[in-house]
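Okay, so subunit A shows up in both of these, paired with subunit B first and subunit C after.
Moving on to the complex of A and B:
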């Protein structure tokens, strides 16, 4: 798509009709008809309840839905063409939709939303996941108010999650971003978030869109751009987040979108993260983490088996990525019986840092580096689950904090590897 | 119609009516003028009218006592004719203790001595009619002043023959479902009368006891009052506070069927004895509740559209047409001979009774952040200060006033963007002397300034040296001349007063566009409610082949085709187009 004509003429016409807004809600979708109806009603309620006077728009960036998703969204517009006596609103609320492509791509979707926000000069924006069935009207306020009223540029969410939900976040992304960038952002790879027009415009202008590489893991890129750009960041507690079942096959794409983006950002961000020591809290409204403890069935045997087979089958790959001592230790624990198996925090942190350095050095194809991390992550998940299965929320939080400190303690190890490259 | 002397004598003999034979001849003369006026226009004259609301006290002082009077008003009728108004609505000018600016009447058959004499009033009437200007006067039916002899007599004894002319009770617990209208001053609709040791009913101030319309003598007397003025030649009445005439237990005492019965009887008598005269209702109600006041063309000819007015201000501030189109969508059809009366500002506060709580809070925050600007449930400000003296917004609002369905009412001084004085109490801040010149007392009076009934506006922006008629007459581009032009354009076509309305709903919500149609004539109005330039696409396909003729400059715009008609409008800009197939 030509950069100069990134938005279609039809979408542009809709934006002209919307005009300047105070509040913009972005909703990227693809075949979300089952959930999106309730979600947009909740969004609308949240806007009317918390921002009844503000000029607001809901922007749907759709990746080629064939189930009528865009119609469900545009149908909740509040206007005088189809008056709805069941809804009271001071002013018009536009809900508009554009199909940015025939296949979904979260990066293109967010780029579309960012471009619309810039054109409409939106002061405060949020992006909501079309799968967030647990959304409440308060989410809208929680994500927008810090931007609109308090001058923050990025509002990252915190949730009440099951202790075994979001394990990539708790075991890798959160501790690594915290250790390297020095900010304790629980959900750096955000399903929902709020941002200022200022941050959105800067990110839109600076991100690498033309070759498509800048569109992967876009949410994490935005977080890192806010951190490295010195923007004001805060967190808002939203409440319970749905547990979403993921297939095993989803892990590698997720790693690409998250860990891959983080690893690749480390190069350009080196001047920033190399000079950071320790970490700071970010202002947080409500709790920064709440954990649910109810039983959750996890196939631990399968996790361990995948770890063991991965270590065995990918040994030649690991030889390129990992230090001999780390690889030896991994091989050792792979030989342990299930009840003895532990993937300790220090070994996990060394593994991750060595992968980051290998990614940077491109010792092998970078995508292969990311793929190779998948079985090891499963091993770490096995250990996390075993170590925390009977723990209280407080103890689980303590264990996560321990892992974070390990990432911070071993940061010089990563720096050494990075510098040795040079 | 000649005065019916027989009826007058009957009234005189009843003791309730002061017949003055010396006034009969001028009355005949006035009535003859009226007949001439009626012969020029049809009975629906009020649909095409441009009404100018004026208080005699505020307009011009002819005798140098500091108070405006009838002869002063007469001297300024040329000005009103030049502006283009076709009717004046005079606020109460009756003898009164003036505790509510004349809405507390102490004598219905005379004029307040400060304003002159009945003879002076007749002169105004005749001079106005000579200029083709009709005269509508205020009539307060619901209540009198507590100084009115009727009330004095009624309270004097429980056995007084007038006792039943008012609503009395031994307790203050009746009619509890009736709301209190003047919340800032009144705690109850009942007031204690220490003289007769009972409570009397009042929907407004406690010094304004409500008349008892269940009493046939009261109904008859009030018709006699109206007849007195109709025979003198007035063209219509603005009937004040009409929803409250009758009280019934377990109701809110508003809009009751018995009230409508009384109003229908007044209308019937008016049509029989004074055809061509007009009744205008002041009923601050929701449109659906207002509709019955038109009846089947057998109650009021006109009624103020109260809910529209705040929504015009709201739509402007929100830059969104939704409040305006919504309330007009909710406005029921009215009989063909009836008409809405539209206004932007008047002598009262900008009433926010007919809005929701959210809307009221918004209006207060946007238009009256200074709490001294708030009064009762409203905002006591004039048009220009409400709009920050922004000429573009003043024009836009007046443009909508002139082009939406209804008869526009202009509040005196708003045609030159007069300001207000919120340091004056109650609603007196919007009732300051008319600013005629930049000279002594703004040309209002030759009295010493301290003798003026109210201080002049002196501030640098709205003060009379800056804002006055003389200066604006001299400037071709003044608001006064712009108002003259828009009034002239409105009067150039009956479509504005009598045509239908159809809203276009362009996707750009900041554009309020509508078609006014009457017979083969169609006019397109496009208003930009936004402070920024806007583009809008209008679906005018059914007018394919027509050209648009801009009505102020008579310039041609491109012919309508199949594609959406694209217009661009500057901030707060309006277009009025005549559609013409050529």
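Moving on to the complex of A and C:
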């Protein structure tokens, strides 16, 4: 059992008052007052509808909100839910909150929720993003039921998303996790997910919390821990996912927390992924991917310009990371006119694999390896957007599948690089 | 007269023989010391070279940018250079020790000075190496940050960062070696001051719009129009 010393006395007292529970809902927050009220209301409705007889608790791990977010969560009464949902509770539905730090950190927040789940001996747990405004009560049931009734250890969500939303997921994380670990998990970096107490406890005990390195990209780490630990994994379709608009500057931190975590996990997971070939579907409730096609304004010129300038300005960095042939090919496509420009799937896969090998060998500082990937990713996004601009959902899905197969086909290339000493 | 010359010559030859006999054991000691020193220096070189290869020192040197400099100057690798440096310093130390045994007046003080200088030389080499390592790291960090933030002339920015750090490192190295301390201090002050002033003027004049946009974004929270359509990566 993980040492719960990092939990505050007050939080421990609140947990003791709650006692054991069957279901735990974790809600990490930081200044989410605008959305969190409606989300907690939906969570409560979802629990009362689907699990009225179970002992349940909502745990809010707050990263120093100044807008009264924790008060909104703990202040919602059960009576606020009843009038409009024709539901009733047979058990007390607790909601407790703790401030784990004065600045937000998703890793510490999840660690707090995991520790609470372990102390309360929760059988099934879910974590909900405080930004998920499109949440419905059915999400709660979809994420909890497979764990509570069917014995799954991890429930990963699938969503209905715009075809150009989550391009890092479709162009790198999903295909690479699928090719290397052999499991087809659409959302390996999960904003919402369900997990069993068993998986939570194991992850809490094995993850490297103390040196801080285990706290970044915690959602992806949990997925990979479930895969490598042989836990039972499934997917559950939740419905439409909000489009969270991000700025260009957000790309590098996002790469660090997702691709950086994946690359670093490859080191310790080598015995697992090196022996896997091909990939397997995971049991999925509902659709595993639905795409929206409505028009979206995208500044393609900017994407390409940043790719071209990146290839030209970072040549000295790329010389340390990429093979001469890959670098030469990148320089060639960077010189093409906009209408001719394409970053083909094979070249993209080779690029990603060479970055992963460079990361493993620490040819330069590892964080610099991740940062150097950003302009190349923009080039790939440009190509994906151009190639799929007028495509139907089926064709887009086909193209993503093609990219995944390319990742699987070139896996021996990564293995060769990995095994070579220099 | 003839006897006197012969006597003086004999005397001189005897003095020379006596002097030689007096110095011969010291000379032998010196040669032995030089030979033993060579053996020790060679052993040290071999051991150090193996250790440096084991810890992949050449890769570290590549990261520091030192390898590129050495290649451009047609010099051997950093591992080889450091091994040879240690070899020569060690052997030279033994040779000087041997020379001191000869008891030549005036040389003793110079030799003592050399031995006092060796640790400072090592410290200077270390400072230079790690300084170059830091310069390479921060220059690359600046380059990557500038490229990803779409800042104009990222390489110039990176070069400026590298130059500032290297000027600072060189001034520290010269100070450690005790060479032209005052000159280096003044040169560093002038170079650093000029660079900062240049950057301030460049940012103030050339980067007015950039500065305004930056401040607006930071404090007025106006989103750049070009970012509005940036896609969510996850």
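Rule of thumb we're sticking to: the second predicted complex is superposed on the first by the 405 of 422 C-alpha atoms of A that agree within 3 Å, B and C clash if a C-alpha of one lies under 4 Å from a C-alpha of the other, contacts with A are read in each partner's own complex, and residues count from 1 in each chain.
Rule of thumb we're sticking to: contacts are C-beta pairs under 8 Å (C-beta built on N, C-alpha and C of every residue); 3 or more make two chains touch, one makes a residue touch a chain.
These numbers were taken from a predicted model, which means no experiment stands behind them.
Q: Could you look at A:309 and tell me whether it touches subunit B, subunit C, both or neither (first, second, both, neither)?
A: In the superposed model, A:309 contacts subunit C only, not subunit B.
Q: Between subunit B and subunit C, whom does A:45 touch in the aligned arrangement: first, second, both, or neither?
A: Neither partner.
Q: Report for A:169: first if it touches subunit B alone, second if subunit C alone, otherwise both or neither.
A: Once the two structures are laid over each other on A, A:169 reaches subunit C alone.
Q: Is it subunit B or subunit C that touches the larger share of residues in subunit A?
A: Partner touching more subunit A residues in the overlay: C.
Q: Between subunit B (first) and subunit C (second), which, if any, makes contact with A:91: first, second, both or neither?
A: first
Q: So in the superposed three-chain picture, is A:254 touching just subunit B, just subunit C, both, or none of them (first/second/both/neither)?
A: second
Q: Which parts of subunit A are touched by subunit B and by subunit C alike?
A: The answer is that subunit A has no such residue.
Q: Given the complex with subunit B, which residues does subunit A contribute to the contact?
A: Counting only subunit A, the residues touching subunit B are 13-14, 16-17, 19-20, 52-53, 55, 78-81, 83, 88-92, 94.
Q: Quick one: in the complex, what on subunit B touches subunit A?
A: 314, 318-323, 325-326, 329, 356, 358-359, 362, 503, 505-510, 530, 532, 534-535, 537
Q: For subunit A, which residues count as touching subunit C in their complex?
A: 164-169, 189, 191, 243-252, 254-255, 258, 296-299, 302, 306, 309-310, 313-314, 317, 320, 363-365, 368, 371-372, 374-375, 377, 381
Q: Over in the complex, which subunit C residues touch subunit A? Could you list them?
A: Per the stated touch rule, the residues are 59, 62-63, 137, 140-141, 143-150, 154-155, 223-224, 226-234.
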